[in-house]
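Each in structure tokens, the structures are laid out below.
One chain, chain A, links the two complexes that follow: it is found with chain B in the first and with chain C in the second.
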Partner chain A sequence: MSSPTLTKDEDARPATPGPAEGPAPERPDTTPTALSRFLGNPKAVVLVCAVLVVVVSALVSGSGAWPGALTADVKSPLNDLDDWLVDNRDTHWLFLYFLLHFSNAAESSVDSITSLFDSMGWIGVTVIGTLIAWAGGGADLSRRALRTGATGLAVFLICGILGVWEPTMETLALMVVAVVCAAVLGFLLGLASGLSDRFERILRPVFDTMQVMPAFAFLLPLVLLFNIGTPSALIATVIYASPPIARLTALGLRSADPAALEASASLGASGWQQLVTAKLPLARKQMMLGLNQTIMMCLSMVVLASLIGGGGLGDEIYQALGALKIGEALVAGVAVVLLAVLLDRTTAAAGERLDDVVKAGLTKTMARLRRAVWGLIAVLIALFAAIGSAIGEGEWPDGWTVDFTNPIDTAVNWLTDHIGSGIPVLGGTITWAEGFTESVLNPLRSGLLATPWWALALLVAVIGWIVGTWRAALTGVICLALVGWMSLWDVAMDTLSQVLAGLVLTVILGVVVGILCARIDRVERIMRPVLDTMQTMPQFVYLIPVIALVGQNRTGGILAAVIYAAPAVIRITAQGLRQVDPAAMEAATSLGATGRQQLFGVQLPLARKSILVALNQGVVLVLSMVVIAGLIGGGALGYMVVQGLSKGNLSQGFPAGIAIVCLGIMLDRLSQPSKGRVRD
Partner chain B sequence: MSEAPEATDAPKSAERAESTASAGTEPVFSVRNLWKVFGPKASKIPGDTSLTGLSATELRERTGCTAAVRDVSFDVEKREVFVVMGLSGSGKSTLVRCLTRLIEPTAGKVDFNGEDVVGMDKDALRDLRRHRASMVFQNFGLLPHRSVIDNVAYGLEIQGMGKAERRERAAEMVDKVGLQGLGERRPGQLSGGQQQRVGLARALAVDPQVLLFDEPFSALDPLIRRDMQEEVIRLHREEGRTMIFITHDLSEALRLGDRIALMRDGAIVQLGTPEEIVANPADDYVRDFVRDVPREQVISVRRAMRPLDASEAADATGGATLAPDTLVSEAIEAVARSGESCRVVENGRTIGIVDHASLLTVVAGINREGESDGGGDKAKEVAAV
Partner chain C sequence: MNPNRIRNTAFAGVGIVSVLALATGCGAADTKAGGDDKVVLAEPSWVGATANAAVVKKLLEDEMDVKVEAKQMDEPVAFDALNSGKADAILEDWHGVPKKQKKYVEDKKTVVSGGDLGVVGHIGWFVPKYWADKHPDVVKDYKKLNKYYKDFKTSESGDKGHFIGAAPSYSQHDKGLIKNLGMKFKHIPSGAEAAQLKELKRLYDAKKPFLTYWWEPQWMNEQIDMVEVKLPKYTKGCEVPESKAKCGYETNQLEKFMNKDFANSDSDAAKFIKNFKWSTKDQNKVAGMIAGKKMDPEDAAAAWIKDNKSTWEKWIPKKK
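Entry: the complex of A and B
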């Protein structure tokens, strides 16, 4: 190839992605013209050709549906399976002797926790909850412990006042069982993959794939096995939420200070001694972080699992959304957010405590005191369980609730009437949403539908090859073909168009705010708590305010997706920019670079990797939200899954679920730099 | 003069033999033809005579293997401080880890008190590490979640000692290394020097026969490093424990070592007392290494003196006298004070004379340069002990 040496060098580096990137900053003596530079970069040429093929073929053919000859009938075998399941669920040995035990155990454990809460009464639950939060924060008079304790008290009281005590307790009971199971399962898996390389090799791709899969996709297979109900919800939650703690436990075990481990070995520690005395204690911090993430994912899933009979707050939201009762949904949503904040703050505080510098001499007394507090909590639980019903009602007294539903509904109506549409010149939120649907989503969708399937597959392959390896290209094409094969091409293109629109908005918003956060300290200070809270909120909750603002339509789903995915993108971008080698920044300053020159000349190029990671995260999160938006008029694949779930229609829901996973894997591979992938 | 090396060495080793006479003369560690090769099919290399002669780069090109330790043999005597010195990458840290098989040697023999370490099964090896040889690390290797006392007691805990007993022992050790009152702190709250004292106390707590130090003070500030070196010297004076000390710092090696093994590319280039190494470098590499050493502080009068001439032999009673092990720097002071030459007296017999000229040649390193060229073979003989 007769390309200039400079671009050759670039191609030699496999990590260098990005088709449109300029040449490396150090230019050769003769500056090549833009055209010759472009022609010297084969990847860019191929990409442009592929895009041209797509555009031209779309214009020429006008309709690019997947050929009917290449589809398979997946519905009838699934219907048969569904029939078989319905017929055999109560008789077949697989259910009687295996799965039934799971569902019975799940059912009875959740029931027993619920009845425990019930017999403890609302006073007992509030006291114990506050005490646990306080103990998690350190069980002392420090600001942190008092703050978590106060948060606990406030959250329980507000949930009571809002009139959602009962569903809150249901959610909490499901959470308790789910978190315990997920933590134990995750810890064991993490232990295995932290200690054995073979396990690590097996589990890592599984976890990677699970991370890409939208939460929605976990629900269907479980409904298949366990029918609608608590067991499905619980098991889906456990499966969905155990990877973080497993991953971080393994990471903690593997990244333990080698000097400490060597010292331990040099003193003659056996493998078991080394694990118990050195490796596990050294991994505590990562394990706490994993537990925090697992708990947050549990909450997110427990709420979402109301679709398959999880009950609790999620069910309140789901029902209210279905009936378009924004007030009710918002009240339940607030309770969910409060729970999320409480759980996050408490576990985060418990994690921070590990870093604490203990004052000499105080260690022993403090340790004793902390143990005493946990003992006290255990005793109080027993006590309240025994006499709780005597000192107060099981549930929050009706007279003490305040009804926020009507005022909220009024407010929402006012909003819809006044800023929804009809504002002179500006229009209004609903008008904007309609405009967005008309002028962006619809053309995008028809464009995708007009593109012949082979042209799209070519584009996917080219992007996959440029960004990653031929393997990424192959995976992408296979996923796309699978979607077509299940005769879901048109619906999937609808979802894809939403994802793409959402992604562009997310990345623009995320990168701009990320840059602001990284460069202006005040923005960072304001954004940080906002981002913290947003990242802890379960996906479901984002749908509520969106409906209030723009109504039930595809744009609403995209708006929710952008709000949901932007925090991660902002955070990763800001972090990447801030982590740019200070020496490089200093050098630029000393050469007299302006802020703008610094940003474009130093920070952005050096932070390219983290921006790519942010893009990858954005893709995964946007897809996961766009799919859930099927609940509020997003249509497409998500709607099919919801329909499948609510009507028990396996043949409709299952292929759609698989198509979502396919899209997820494809988009992930296409946005995932092949080497040096950073995980957050 | 050319006889000097042996003459110097004899009394020193005699002294050592004397101090260890009660415990017998068997070496603590006896290492023979030890190899550690990293890379594919590493075990083939030590036995292959066509490969063992190659240089490090040639070996890597030919086989893809790196020989971190190549054909090393030495004995460590009881109660001695044996220093292994070399630049980074010379294989010294690998060597010391091979002694307790924290790194498995590729070939060769390691005997500990006559027991074959390489052939030990898991339990015997664990016993060796738990009770008889413990190590102090460059990066301390402390457990951040434990208090100082619990860190020091860690080795005893591994041995299975009860909590009260091990904490009591650990508290003693904490006092011994000068950390009184800091027992309940966490390692993160201590300075680097204090942390390494914890590491030292942890190694001492199991009362091992041998202490292994892997560049223990490299990560410390120069002043604290000096403190810690004095601490080690004090401990050695008080307890006489055998120590193997790895360092890349020549002055540290000269300060601490009874004998020094100088390593380069995995092999020992020279092995001898600090004085031998400074006075008689085995080759240009060693000579380059010791170029800036203040000779008068390492070389003794025995090496600086000249034989008595006839007139002096007749008049062998007057004037100041010096012991043969007196350092040249001290002799300079004595000679300057007396204004004339001093006699070197050993066992009541005058064995030589030092005067301005002979002392100055040592400081200037003139005469010795010539001598060491001639005496290189002798130094090598010493190295091949």
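Entry: the complex of A and C
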């Protein structure tokens, strides 16, 4: 089966030095040995033919613009819609009797949580937060419970000391409401698709789209429907974050042990009883895992939502960047990372505990104790809400903060100045970035632009067919056609060239570091907190240092995307390598294989599947950074979305957002081997 | 389809529908957001706007005991917020969203002008002084830029010169202007103001030539020395539509806008905001403290308030 290998080749291709040299910087041919192997394979021959068609047609025509006759005017109807929405927002029944209820409910619930935190005072919030973390960890004196409790205490205190108490509380309030809504919505959808096959068929493509869709793309229509501020932020967050819990709930319900179900059915349980007493308890662990992921996604979105008036830590970061105060932005970013650590550890501990309970059962006294602890928490919340303001100030006392911002600024500036251009011989990052733009990005872009649209569609179809099924091919081609139909072809090719280049860098970096992590324990230990930080640090924070390092250009955007997407690739690769059957490794060693032979001959081939999953994740994550890259000179579709959003221009932002989604779905299908597609 | 499955499907369906029904409730929703006595200021993302908001907030809270919330939003969004009542006032508008301004101020009449801010805004094309000193002919005539376009080439701009464009939400018509004036430059937009500032700082420190969209007042002008390139003179309406734009930028009296209900409410806070008017120099002082000296906006405002009592005393409405 050579198809997965082919996928990889295809995606990795633009990284080879080839594109920089040839006049058709398109698709360098594979190496001769590989070629001879491919010739025995009909699919490979088709692929090579398609590549040849692309190269030749690009050389002959020299311009690949989408034909004007096949485009449609999407702008005028969108402008009309925009006008209509603005004119009718406070009179039409759709808003008065439906949508405005959502926004008002969202607004008032977030407001009430914020004022609850406010009246509890910082002492109250810290005590309750620590207690909840401790209770989540098991509410006893075990190491796990104490550790999560201590994490909670430390996180709240550090946020206070860093002087970001108030925005942290705002973010936390928005988070609480968003997580509850996302969890409820996700649970219901998961229940529906876990119990009914029909719902599952309907919901799966919806979840797929929700996950490849960059969050920015749907901020704009939400702003038009719900106005700026909390409601849009909340709704965007809920949409973005509910798929994981829905998927995992459905998975948990479907994978419940048939023996247990049979037992409960034979005891005469009705469908409802069976659901409540057997299926749901058995799915608890999966649901907890889903909740964990949902919380992390909520957090990343809550920060992004500052662009539409979401407030909180995101606002703090965005504003600090406006005055180039990297230190201040970084401090707020650290608070976000800390919140993420707290929420992640608490839900993970709760998940582990549930696991133990399922395995070992629960003693009566422990159960009673836990109920008592939760009761105590409820009482304390009421108590603090009532008298909290009396025992301490609402906000963290000013005298107890330490200002780290100026030393951080100095350090970051020193670093960027010296790495930026000061290194002798090597030239520094700015020179490299220019080299990268000129030798990789520019040829790749002009190559894509020179390729006729039909040749590119052919190539997409062939890859889709080889990697997946004819469905994948069809989806890919439709996505591409949709982009052209909206007259965004040229811009989309610019974005595509950046995504491909970013993807290749991400995958190379991710696989290399992943191999190191999997083989050397110390590297893994060092990398774990680094990866945690890279994944949860709001992307805004590193945009400005990136500009200092490489300038405001497409390379900067790509660098930011690599920082964001690499951790997932590293993790999945490392995990895949470590899960390789130890017996196979042992066998290789006993046959006298060197470490290298063992890696390339046994470990990597056996972990191929995980590496492909990593590639697919990389595609989705790199693409979700396209818009963020638009903020620092990535241009193209990302910039169009940002401008559409900040100018409130639906006819500009929305088609660009759809085009990003199209590219996303196309790349996702092309990088998803047929296994995954069979379910469709 | 077996009965069990039908039941499950019905079950799930009813569940979803009932939740939706619960969420929407019944009856018409309240269209007016907020509504309490808190004053909400729309604060665009640039530092000058932060300075306005910080001073107004500090004075309203300390001198008049009015609670103020400054929400960060750029002009286009701020106009929507003023229309809906989510924000009560924007203190510095550069007339960057003429379409929305017309719709809300002239057609729907939900937003009213709050008078001039007193600060004069000016946008134009700028080059760094170290480069302008070597090429003095350029400053008087934009056409001369074409002579030197090669100096401005980068990896992004290909065989043309690199023009550093504005952040997406700012008033601009450079793309059309470059084309219509036949400039050998490629317009490359900045994704955000912060990105543009950092890029300029980097190029300035490296003493490289660059041509950029730039404006006054701007706190970075205290750190870098820029010279304006003379563009064709602005006449009213010469920049619309952008594809036909052939002129430079208007020198702008920056304006305040308020939500109509708030403006008509006759509250002291509304009167104060109408009275609020200060000079470019004052604003630069506060903005310089915030951005240049990295002070907290609140502290910067407090420092300015301490030294300028005579200026702000006039803003506070007389007690009846």
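Please note the rule applied: the second predicted complex is superposed on the first by the 555 of 680 C-alpha atoms of A that agree within 3 Å, B and C clash if a C-alpha of one lies under 4 Å from a C-alpha of the other, contacts with A are read in each partner's own complex, and residues count from 1 in each chain.
The rule we apply is simple: a contact is a pair of C-beta atoms (placed from the backbone, for glycine too) under 8 Å apart; a residue touches a chain by one contact, two chains touch by 3 or more.
What you see is a predicted model, and the numbers here were worked out from it, not measured in a lab.
A.B. asks: Touch check for A:Ala105: first (chain B), second (chain C), both, or neither?
C.D. replies: A:Ala105: touches chain C, not chain B.
A.B. asks: Where does A:Leu191 make contact in the superposed view: on chain B (first), on chain C (second), on both, or on neither?
C.D. replies: Touch status of A:Leu191: second partner only.
A.B. asks: By the touch definition at the top of the document, which applies to A:Ser266: first (chain B), second (chain C), both, or neither?
C.D. replies: A:Ser266 contacts chain B only, not chain C.
A.B. asks: A:Arg284 contacts which: chain B (first), chain C (second), both, neither?
C.D. replies: Touch status of A:Arg284: first partner only.
A.B. asks: Could you tell me if A:Asp257 is touching chain B, chain C, both of them or neither one (first, second, both, neither)?
C.D. replies: Touch status of A:Asp257: first partner only.
A.B. asks: Using the touch criterion from the header, give the chain among chain B and chain C with more contacted residues in chain A.
C.D. replies: C
A.B. asks: Identify the residues of chain A that lie in both the chain B contact region and the chain C contact region.
C.D. replies: Shared contact residues on chain A: none.
A.B. asks: Quick one: which bits of chain A touch chain B in the complex? Just the residue numbers, please.
C.D. replies: 257, 259-270, 273, 277-278, 281-282, 284, 354, 357-358, 360-361, 363-364
A.B. asks: Within their complex, state which residues of chain B touch chain A.
C.D. replies: 100, 102, 125-131, 134-135, 137-147, 154-155, 157-159, 182, 184-186, 188-189, 199, 202, 206, 212
A.B. asks: Please output the residues of chain A touching chain C within their complex, sorted ascending.
C.D. replies: Residues in contact with chain C: 86-87, 89-90, 95-98, 100-105, 107, 184, 188-189, 191-193, 195-199, 223, 227-229, 271, 306, 308-309, 311, 315, 318-319, 321-325, 327-328, 405-406, 409, 417, 420-421, 433-434, 437-438, 442, 543-544, 547-548, 551-554, 629-635, 638-639, 642-643, 646-649.
A.B. asks: Within the complex, which stretch of chain C touches chain A?
C.D. replies: Those residues of chain C that touch chain A are 4-5, 7-9, 11-13, 15-16, 19, 23-31, 33, 45-47, 50, 71-74, 76-77, 80-81, 83-84, 86, 97, 100, 103, 108, 154-156, 158, 164, 168-169, 188-199, 201-202, 205-206, 219, 290-291, 294.
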